[in-house]
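After this come two complexes, each holding chain A, first together with chain B and then together with chain C.
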Partner chain A sequence: MAQLAINNITKTFGDTSVLKGISLDIQDGEFVSLVGPSGCGKSTLLRIIAGLEEPSGGHIMIAGTDVTSTRASDRNLSMVFQSYALYPHLTVAENIAVPLRMRTMNATQRLPLIGRVMPGASDKAKEIAQAVQHAANVLEIDLLLDRKPGQLSGGQRQRVALGRALVREPAAFLLDEPLSNLDAKLRVQTRSEIAELHRRLNATFIYVTHDQVEAMTMSDRIAVMMGGEILQCAPPEVVYDDPDDIRVAEFIGSPKINILPVERTERDLFLFGQRLPLTAKLDAPALLQIGLRPEALRLTKTAPLMTGQVAHCENLGSEIFAQIALDEHTGRVVIKATPEERHKLSLGAKVGLGFAATDALVFGPKGKRLRDIEATACSVSEVA
Partner chain B sequence: MTRDWWKHMVLILGAIIVLAPFYMMVSYSFKSPGEIDRGEGGFFGRQEMMVDERCVKLRDPNRDEIAAAAPHFPGKTDNEIRLALLAEAEADCSMRPIVFNYSKAFTEAPLLRYLLNGILVTGSIFLIQVVVALPAAYALAKLKFWGRDTVFALVLFCLLIPVHAIALPLYIMLAKLGLTNTYAALVVPWTISVFGIFLMRQFFMSVPDDLIDAARMDGLGEFAIVWRVMLPTAIPALLAFAIFSIVAHWNDYFWPRIVVTGNRDLFTPPLGLREFKGDGDGSFFGPMMATATVIVTPLIVAFLIAQRRFIEGITLSGMK
Partner chain C sequence: MVTLDTSSRPVRRAASPTKRQARTAWGLTAPALTLMLLILLVPVAVAGLLSFTNYSLGNSGFDWVGIQNYERLFTRSTYAKMFIATFTYVVTVVPISVGLGLGAALVVNSMGRIGDIYKTIYFLPVMATLLAMAIAWEFMLHPSIGAVNRTLEMGCGTWLETLPFFAKGCADGFPLWLGDRDYAIWVICFIGIWQGFGFNMVLYLAGLTSVHRELYHAAEMDGAKTGWERFRLVTWPALGPTTVFVVTISCIRAFQVFDTIEAFWPQGGGPNKSAYVMMFAIFEKGIQQNLIGIGSAITMLFLVFVMFLTLIQRWLVERKVHYG
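Here is the complex of A and B:
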């Protein structure tokens, strides 16, 4: 177990720059997710940490030692791959034993057939068998140890891949989208299992995913990556409630955050001509954007800030997501409503929308968050 | 009648053309020389008792033998004894044609020795080819290094060079090294198989990169990856290559004929066939075809055994 430091890592493939100076400190025992859309460089970053890819610049430190030029096999990291990458010709037990055999046995002890009679080999083989059994018990795959990977289901293979990673005690676990090949139900189950495993092992985990739900539910911190940069690295609730960048706000949260244009006149902000209870600095740009989470919007009849028609409704049982086509704007906004409000949300129904000023996230024209916005005393939505 | 009948006709015709020589070979190996000459007796021949003329000639009794045999034939003239001895020899030398052909195949030339040579030579060639081709193919398929594409282009280019074009320079090189008439001369020129490198490289391209990366994370070095990960996953491709390599070198007549000039102990099975080529004393088609059958049989048996594994392997499963 160790702390990890990534210092100003860059990576270019030919002319395209995939990573543009990434720096990240990961504490011992921390669970950090690298999340972002495909092509954002998160997998490349993980591979650089693992030593499978060479960075074009920058340094990787594990427990204070520079490992940038150390081979992957000597970095003492474990990795779980998206495709699981089990050895198809070995049984489950042999698959899990490989990292231990390679690290604890010498070359002659690993030889087929004659290796067994080499001095010390049988003791080590026993130790390895115990470790494999223990890992298999933890992951509840002890009944599968004699099978070949081809005879396992996707979920079972995924557990074997996890078993192979945790059979030894590496400095950190690297997981590259380990859940993306599982079906939805199994994914939810395995998600909580991995989080529990992390708590039990108290090991450093670096988890790459494009699924923001996975990142939100498992991590101590989320590093949102886009275009080869880390936009924000913070605990899940901060990333969700207090994003630094409009791209972070848009990527995290499902359904997506609603983005609406606002104009600044003097210190006041106007949404579709209506004055918002927010004041900006005089040097703020004239055109701004506000982000409103679906749960920040509420249905209101008195003095609505926006009006529109219900265009589509998704009933999830415990909550309802409705798409409202706005009268004032070409786009649609999504609101979250309670089941009690369902009767107001019949298709085509006219609705008014309001929100609390403190829930509005204000972004500049280039997407950077403006934090010097103040909510004024009388909030419109409180009237509703 | 389906509309595909003509396809089957074409295929059957093709099969007949391919199988006809084998049919002749096996059939001749059963028949007596007379039946072969006259082209009769169907597939198996009539299997009538025949007399091996050479065997009888060798036992033609001389004066001493007649004198020695005289006590067994009391009251007979020398000529009568001679005829009796000849009749005895004829009885001893008569046998079924099939027995004649196959026993001749093994006695006339040291066929077992040739077969052993064949196994030794093809075995060593294949083994060294694998030792060379697997790491080379792995490097060409999965490692990134400067000039990789050029090297691969060279490999492809080497596929185009016919063996016969470089036979003479190769022979001269071996002769200068004093290696003609050795096993090395039979083996060394074939140890680097560009076809093997090409075939294995194409197969390795289909092995997921993740598998190799996982092996690296597990602490395997690059050579360990070749032998412990790539080799076991490549068994089907290796079997395919084995068939090409072993068939080609087991049946090779051209190269052994060039480098093995005097020493009959180094003859490979195809060279053994030369022992029966018809010189002055008539043709030996029966034993010759028996030898040919004996030479071909191990290959066919090996293929039949490997076939299941081979076809199984083509639909490679369990990788993903």
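Here is the complex of A and C:
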């Protein structure tokens, strides 16, 4: 287990720059997710950390040692691939044993047939068999050890791939979208299992995913990547509640955050001509955007900040997401309502919307978060 | 009674569509079955029957001679030479052409663009007519004016003369190749390998495309450092089904070698019958000498060998190298 440092990593393929100077420090035992839309360079970054791809610039440090020019097999990292990459001709037990055989046995001891009678081979084979058994017990695949990967279900293969990664003690585990080939139900189950495994092993995990739910539920920290850069790297709750960038706010959270335009006149902010209980600095840009999470919006009849008609309603049982077509604006906003409010949300019904000023996230015209916006205290209570 | 009637009727109805389907199925397979029977099984059966006779084409009748034809096959020295030549050829050509095919495929596969050029070069002999190529080889291997011996003579007087082969060649003349019973079969083997390995290379190249790229990365992460380790762990097992196919095809093709021998020695299978392979024997006995009985007997033996190889292949495919 070790600390990992990524230092100003760049990667270009021909003329296209895939990673534009990524720096990230990962503590010993930390679970860090790299999350972003497809093509943002997260998998490339993971493969650079693994050593399967060479960076165009920058350094990778594992436990204080520069490993940038060390080849993958010497970096002491374990990786779980998206396709699991199990050896199809080997049984589950043999698959899990491969990393140990490759690292602890010498070439003659690995030979078929005669390898077994080489000096020291049988002791090592016993040790390996024990380690495999232990890993299989941890992952509850001990009954599958004699099967070939072709005879396993997707979830079982995924466990075998995990087993092959954790059979030895690597400096860190790298996981490349390991759940994306599983069905929804199994994904939820495996998600919590991987999180538990991380707690039990107390090992460093780097987890690549495009699914923000996976990142939110498992990680100690989330690094949101877009366009070859890390936009923000922070604990899940910070990324959700206090995003640095409008792209982070839009990517994290489902349904998506509502973005609305606001204008600044003097120190006051106006949303569709209505003064908001927020005060900006005088040097802030004249046109701003506010982000409102669906749960920040509430239905109100007294002094609504926006009005609109219910355009679509999704009832999830415990909560309701309603799309409201605004009167003042062409777009729609999504609100989260409780089942008790369902009667107010019949299709086409007129509703008024309000929100607490403290819940509004204000972004500049280029998407950077503006943090020097203050909520006017009295107005907050008025709206609430 | 009423209930009984209603319950029995659907049962009867369910039975008749199955029968109808079965009848249609037989009807639809009948043309294929008939063709297979007529052009494959009947000729084999006829050849099998003829192998127990002394029939010659044009004769009005024939006598049953029992196993006499087969007895000759296993007692006469000509046929002993036939078996030696055939097995020498198969045992030499198959491993070398398979090995070279695999090696060439691995190298070509790792070369990218330039690989395409080599792919074409190695595949050229496969596309060329072997008969025409054999004539070209005959010129090259001519003892006095051929390119091969001329090239070898250039080595005389240099350090190469320290090698026993060159010392002997420079003193007494280089081998006659096609006219020398010690060299004839090996020349045939060489041409067989030269002609055949490009085909194996193409088959292996096709096999290599199905090897999952990520498996190599997994092998690297698992600590397989050398190319040999990656080959043992990923490439070779993944090529298992291809190898079984390539070996079987190569064996059958090696058993069938004929055109080079017919081109070099149309009158009789090489110096002292040292290249008298089975196919040539069938041709010589059955066609040239019109001894249909003995020709059929060799054909049946040939069929048994090929059948045996095919069965081994089926067994291997089903048992050992099928990963599902």
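Going forward, the second predicted complex is superposed on the first by the 379 of 384 C-alpha atoms of A that agree within 3 Å, B and C clash if a C-alpha of one lies under 4 Å from a C-alpha of the other, contacts with A are read in each partner's own complex, and residues count from 1 in each chain.
Please note the rule applied: contacts are C-beta pairs under 8 Å (C-beta built on N, C-alpha and C of every residue); 3 or more make two chains touch, one makes a residue touch a chain.
This structure is a prediction, so every number in the text was calculated from the model and none was measured.
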Chain A as common anchor, with chain B and chain C clashing or fitting: clash
Chain B versus chain C as contact partner of A:P88, first or second or both or neither: both
Partner chain(s) touched by A:M102 [first = chain B, second = chain C, both, neither]: both
Which superposed partner A:G273 touches (first chain B, second chain C, both, neither): neither
First (chain B), second (chain C), both or neither touched by A:S73: both
Contacts of A:G317 with chain B and chain C, given as first, second, both or neither: neither
First (chain B), second (chain C), both or neither touched by A:P119: neither
Partner chain(s) touched by A:G14 [first = chain B, second = chain C, both, neither]: neither
Common ground on chain A, meaning residues reached by chain C in one complex and by chain B in the other: 47, 50-52, 71-73, 77-79, 81-83, 85-90, 98-99, 102-103, 148-151, 164
Complex contacts: residues of chain B adjacent to chain A: 208, 210-211, 213-221, 224, 229, 232-233, 235, 317-320
Of all residues in chain A, those that touch chain B in their complex: 47, 50-52, 71-73, 77-79, 81-90, 98-99, 102-103, 148-151, 164
Chain C residues within the chain A interface of the complex: 212, 214-215, 217-225, 229, 233-234, 237-238, 240, 321, 323-324
Residues of chain A touching chain C in the complex: 47, 50-52, 71-74, 77-79, 81-83, 85-90, 98-99, 102-103, 107, 148-151, 164
